[in-house]
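Next up is a structure, given as structure tokens.
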């Protein structure tokens, strides 16, 4: 008979992901058995605990970096470890935002505006499924940048996407919009993952292997039909570019960012970017590196278009969440230059940038959740005017995050911009540098407009006010603010750590 | 016959699916078009697995089916909610979010 | 020099921050205490600054009070400070002006959106950055201060200014950010180049050698990145339009710091960075820059003549003056450079005098339109005379400090670019016009309605304005103390450029 | 060169006065004027002392210097704040402090009821100090300081009553036209430094010959521009008439005796430049000639006594400039005329002041008449000055002017005839208009109404007038006796070969006197023997009308400079607003616009998003495929 070789799984290395999955399952069980009253608190506790433990286990295994695990379908190396750590940290502060129930519908199944909904609101029901869903997504995200096998990569992609589709639809207010966001996200997501899968197919066809190493070998040996490689790279990139929201695959992000519950948007905007760019960096650095002359021009073009488009359209936005969405598109452009750089500095810069940007984003959306009126969050920029007078600290924090996005010195954003642009320029693409700088100038324009609105305009008395719902949200904002400025004033420890650890195992 | 034809076929299916997504209004149909694209990919995978003489392609295809199934679950859930609240499954009606 | 190893520079930058902390703990209600703390701090800083000047070794041209600690070693960034004569003079000017501004603007915080606490915290933070920007010998550190500086000024204008303050603040910030980002591109360029050729560093003295390995093309681009940023700051025609708006909207005190100190960062940067890092490119662009400078001189003067608003008028005169400074810098003669540096110093004080007195006038009349004043000479003689003297120093009357610098710039330029110098000299006639016209309209003639019972300067205002005028007059007759500080540094810069002063044509004949 | 630590006191005393009076403010009202006068007198005393010292020394060692401190020292550009007192500057020192002191005394009474008398005296002292610095500075840059210092003082004093809008304008006009001249001076200094590497008198003198003539011509012409501005010479003469807005003592001191003659000083001081640059020198002479005619003609038409005197000042300085333009032959006579003019013109201005004092500040001569009876002393002193200026022997003006005319005629060739001719003609016209002034004011029948009560001025006013009158009588004789001044100044100038005499001196004097006689006669006929209207008649010749309007100088300036300047200014203001700032705003709007138009791509329809993705996919594949080829 065929002698069956049982697969070897390095559980220690996989622990972070497994723990999160376990936590998610526990969450599901709680949904099933725990009494309604106990759910919210216990779920929150479980989730935070899970993430914390996962982070701990990650730290525990940091020294055993640079080994493949689970039959080479996962590679646990410095870069991957850093990306996982960033994802976990960002998730923790994002989950604190979820804790504020104001964000979520009482009962997802009820019709908007129906009596059912009203009663459910009166009964103060709560969807606590969000926690396990989030954890599943986190697990997917953790796996995504580590996957070194096309199958794993695909599964991870779906694993992080599907829960997000659902989460996007669970807003408490403006449920129609929320559901619409979910639909759009889902349809386009599925559409793009179809492309992604097609890419997988062609790459397999090109290299006769599904592992990154195999593809890399094929690219070097240039065995196989280059058309397949071409198609493979193109289709795969579409899937990834869709996730990071690069033009022209960005269209979903403004709508989803606006429609989804703000807490989810925060989590999605920050963590997904890290995961997606992590995967992108890995596959481009590890597998496609030698074929750069094929894909780089196209990617540069996309990067440039993305920067400019994001910045320009953001100027014209009236809704704070949409504005942040477009700014995140612009930032996707900046981050792409890290992929294009295709050198060590590029990798370091990208990781730093991802972390810094992610934290700032969570913070910014955290602030958005605070500005409310009787009908829930107020995202209309004009109604934000005079926020500085109403609650100076919140306004200051938001201004801080905006300055970080704009890349003003003494904020993390500046170090990020500097390092990623210099990496791109080091790799010889002046266009990225110039365009990046100019589009940052355009971007500054609307960040400053918001600051003016908050500080130099008088408040309009229309019931808009700043509500601090729970200590959790406060923690989130404070932590993000501290991190943002700390990384701006003294980034050395993090940068050094990244420099010493970040590397892809080929 | 030439095995490449399978690739052409799958490419054709994929294109049909993609075009379908763009032209059809009913959410369900759009979703089915996506499924079509996925299966086109599957066909490609299997074909390549045959060409390359390795099994990985077929394994991927199985994974894809499972994933597709999950997608169906999530997708239908969303579409049904939309349908219930809007009494319409036309994706063109859902355009509150724009600009 | 035992003080040298006391890190005076860091100390002088730390003190204002400590002051800010102190302010943070003072209750919002006790405004007076706030002001006192602010004043005390700034005075203390001024003392430290003077200590530095005293312990400065005039003979040696290199950097002094040097400090250096690694900041971001990964990028070769250091927290590196040090001052040569030029920097010292400018720091001295900044630390002397700040307390004066605090005294003169004792009540400026009242018109603002926020409390006096905020106002003075911003001022103090700004002072730290002003010192830092002149003191840093690490290009990256310089850039950080250069950009971060904008934020407090932005809030000072937008939060405490008058009229279209928000718009003016935004205009100022966008202009500066745009320039700053171009400069960032150049800095990245330098960073990558220095990495490519040898060790990655931002140390100005090390980078001074970088140009030898750059292609002319590359050097020109990097130069432009820096220069445009500085030309916007300075401001040089045609990148000047933010200045009048900002100066009009800002409080007089802020305007003093804006025109007196911040704009100097531009001209200072031209010397310290454009010339030192890119000598070849500087040579390449000199004709263009000299042209722009000359245009600024005349253009600014004409617009000042045409100005209806006294603050805008002063702003335009500054544009003209910055034309002189830039011209002097790029004339590449010791007279030109020393003159330009001295000009920066003097302009700080003469503009301060003008703006502060203008501020006093405006605060009494609640209008900054020249036409609203008239015959102040008879109503408020002291105020009128202060304005007159300030004006005289602005038109560079011999015997007042600005004459020495202006004449040095002209002579220094004439020896190398006679045509430019000749055209620029017409500026002195225009200067007479743009000063004497407002003097006549506002101070002379019969006292117009609304001005009859304005009160003359009070003690506080006298205390604020007296030292400025004293400095203007004393340095007019005896500029040597400042010139002695400047000269060695200036000579070094010129020789680094590989220039020597043109010899008298007569000796060529021989 | 001999150094002397005493020179600084010449300047320090009045400067101290000025500062203390200004800083002490009202506290000094009681005694301010006395202090100022005392200090000015003290300065005069120091001057006399220096003169005696100087007389005690051998000719070559007469000049003395004093280095105060290093003023500006950058690279090769070194200027010390140091003073130089030589035979030339001592003349000026004495003139300035002497006449200055007299005018201080005069002003004590003249300004007695002005609330701001203290300020007035402060300014007078400031002027004395600045003027002394001007003549004592040992380099062009030091001179420049004094040069603009006197400009400032004159600005302040012209505008002393600047609550009157017109006076304020007059002072501004003076300052600005002076600045144009100053520009010339700074050009001269720049050229000197660039080409000779020095800006000190001695330095320039050393290199004067080794430098190219072109250079020296350039310097010379620029110095001339400066002189023209300061001395109200053509074409920068327009400000002097308006400068009469200032109190009369000011007109006497600054705009007759001293400041306006600074131009002459500059040119004579720079003799080595002009001797090395014939072209510039000729230009100087021509400017002088033009101005002397210009002033004389304007003088004939003015009814305002001070304006008339101002015009004559202009014309007399024209004589001096002309003399200075005649080279070594003329320098001494230029200075001599300057000194004598200092006496008689100051005297006449003070006289005019005394008349105004007696006539409630009436300045229109047509409202005067027959004042001889009412203010005899003024009449006599003024009369002596009058005789001096028209050049009747043996009064001061005769000697100086006669020598100038003679030198001009002897300048040789056509040049000589033209210049000399002008000078002669000028003498005639001078006689005419001065006689006119004399007659209209003193001897013609009274034309003032009865609420006027003309009376003689107090002693504090007429004493100075008397002293000056003595000067107007004697100075010419004293200075020219045995060519005293000529020999005194000679060491400063180059030797010059004797010119061929066009006419013997006696003939020249004859001609001059004839011209004078004709002028006087005409005036007598026109004004003494015929009725004079109290209001200026309108039905007069074109020429008179034009002359009354200063030969259209203001109209021309306005048409040529002011109007275009104003237009340019307003154009630039609009340009800045719309074009430059507009461009900036435009960029912003472009960004905005493109933003909101790109925004439309976000239709909200999933299918269009999918379409976008599809297109993107196609484009991406195409892009990658293209580079693969």
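Each chain gets a letter, A, B, C and D, in the order it is written, and its residues are counted from 1.
The rule we apply is simple: a residue touches a chain if its C-beta (ideal position, glycine included) is under 8 Å from a C-beta of that chain, and two chains touch if they have at least 3 such contacts.
Keep in mind it's a predicted model, so treat the numbers as computed, not measured.
Between B-D and A-C, more C-beta contact pairs join the chains of A-C.
A simple rule picks the central chain: find each chain's mean C-alpha point, then take the one closest to the mean of all protein C-alpha atoms, which gives C. Computed from the mean C-alpha positions, the centre of chain B lies at a distance of 65 Å from the centre of chain C.
A straight line joining the Cα centres of chain B and chain D is 97 Å long. Taking the mean of the C-alpha atoms as each chain's centre, chain A and chain C sit 45 Å apart. Rounded to whole angstrom units, the spacing between the C-alpha centres of chain A and chain D is 80. Counting partner chains per residue, chain A shows two or more touched chains at residues 183-184, 187, 191, 195, 254-255, 445.
Within chain D, the positions touching two or more other chains are listed as 588, 599, 602, 604, 606, 610.
In chain B, the residues touching two or more other chains are 18, 21, 30, 91, 94-99. Every pair of chains that touch is listed here: A-B, A-C, A-D, B-D, C-D. Looking at the complex, you find that chain B touches chain D at residues 18-19, 21-23, 25, 30, 91-92, 94-99. Residues of chain D that touch chain A in their complex: 588, 591-592, 594-596, 598-599, 601-602, 604, 606, 608-610, 612-613, 615-617, 619-621, 623-625, 627-628. By the touch criterion stated above, chain C contacts chain D in their complex at residues 174-175, 238, 240-241, 299, 302-303, 305-307, 333-335, 338-339, 375, 377-378, 392, 397-399, 403-404, 407-408, 410-412, 414-415, 418, 421-422, 425-426, 428-429, 432-433, 436-437, 439-440, 443-447, 477-480, 483, 487, 490-491, 501-507, 509-510.
Chain C makes touch with chain A in their complex at residues 70-75, 113, 143-145, 147-148, 150-151, 155, 158-159, 165-166, 169-170, 173-174, 177-178, 181-182, 184-185, 187-189, 191-192, 195-196. Touching chain D in their complex are the following residues of chain A: 183-184, 187-188, 191-192, 195, 226, 230-231, 233-235, 237-238, 242, 247-249, 251-252, 254-255, 293-295, 297-298, 301-302, 309, 312-317, 442, 445.
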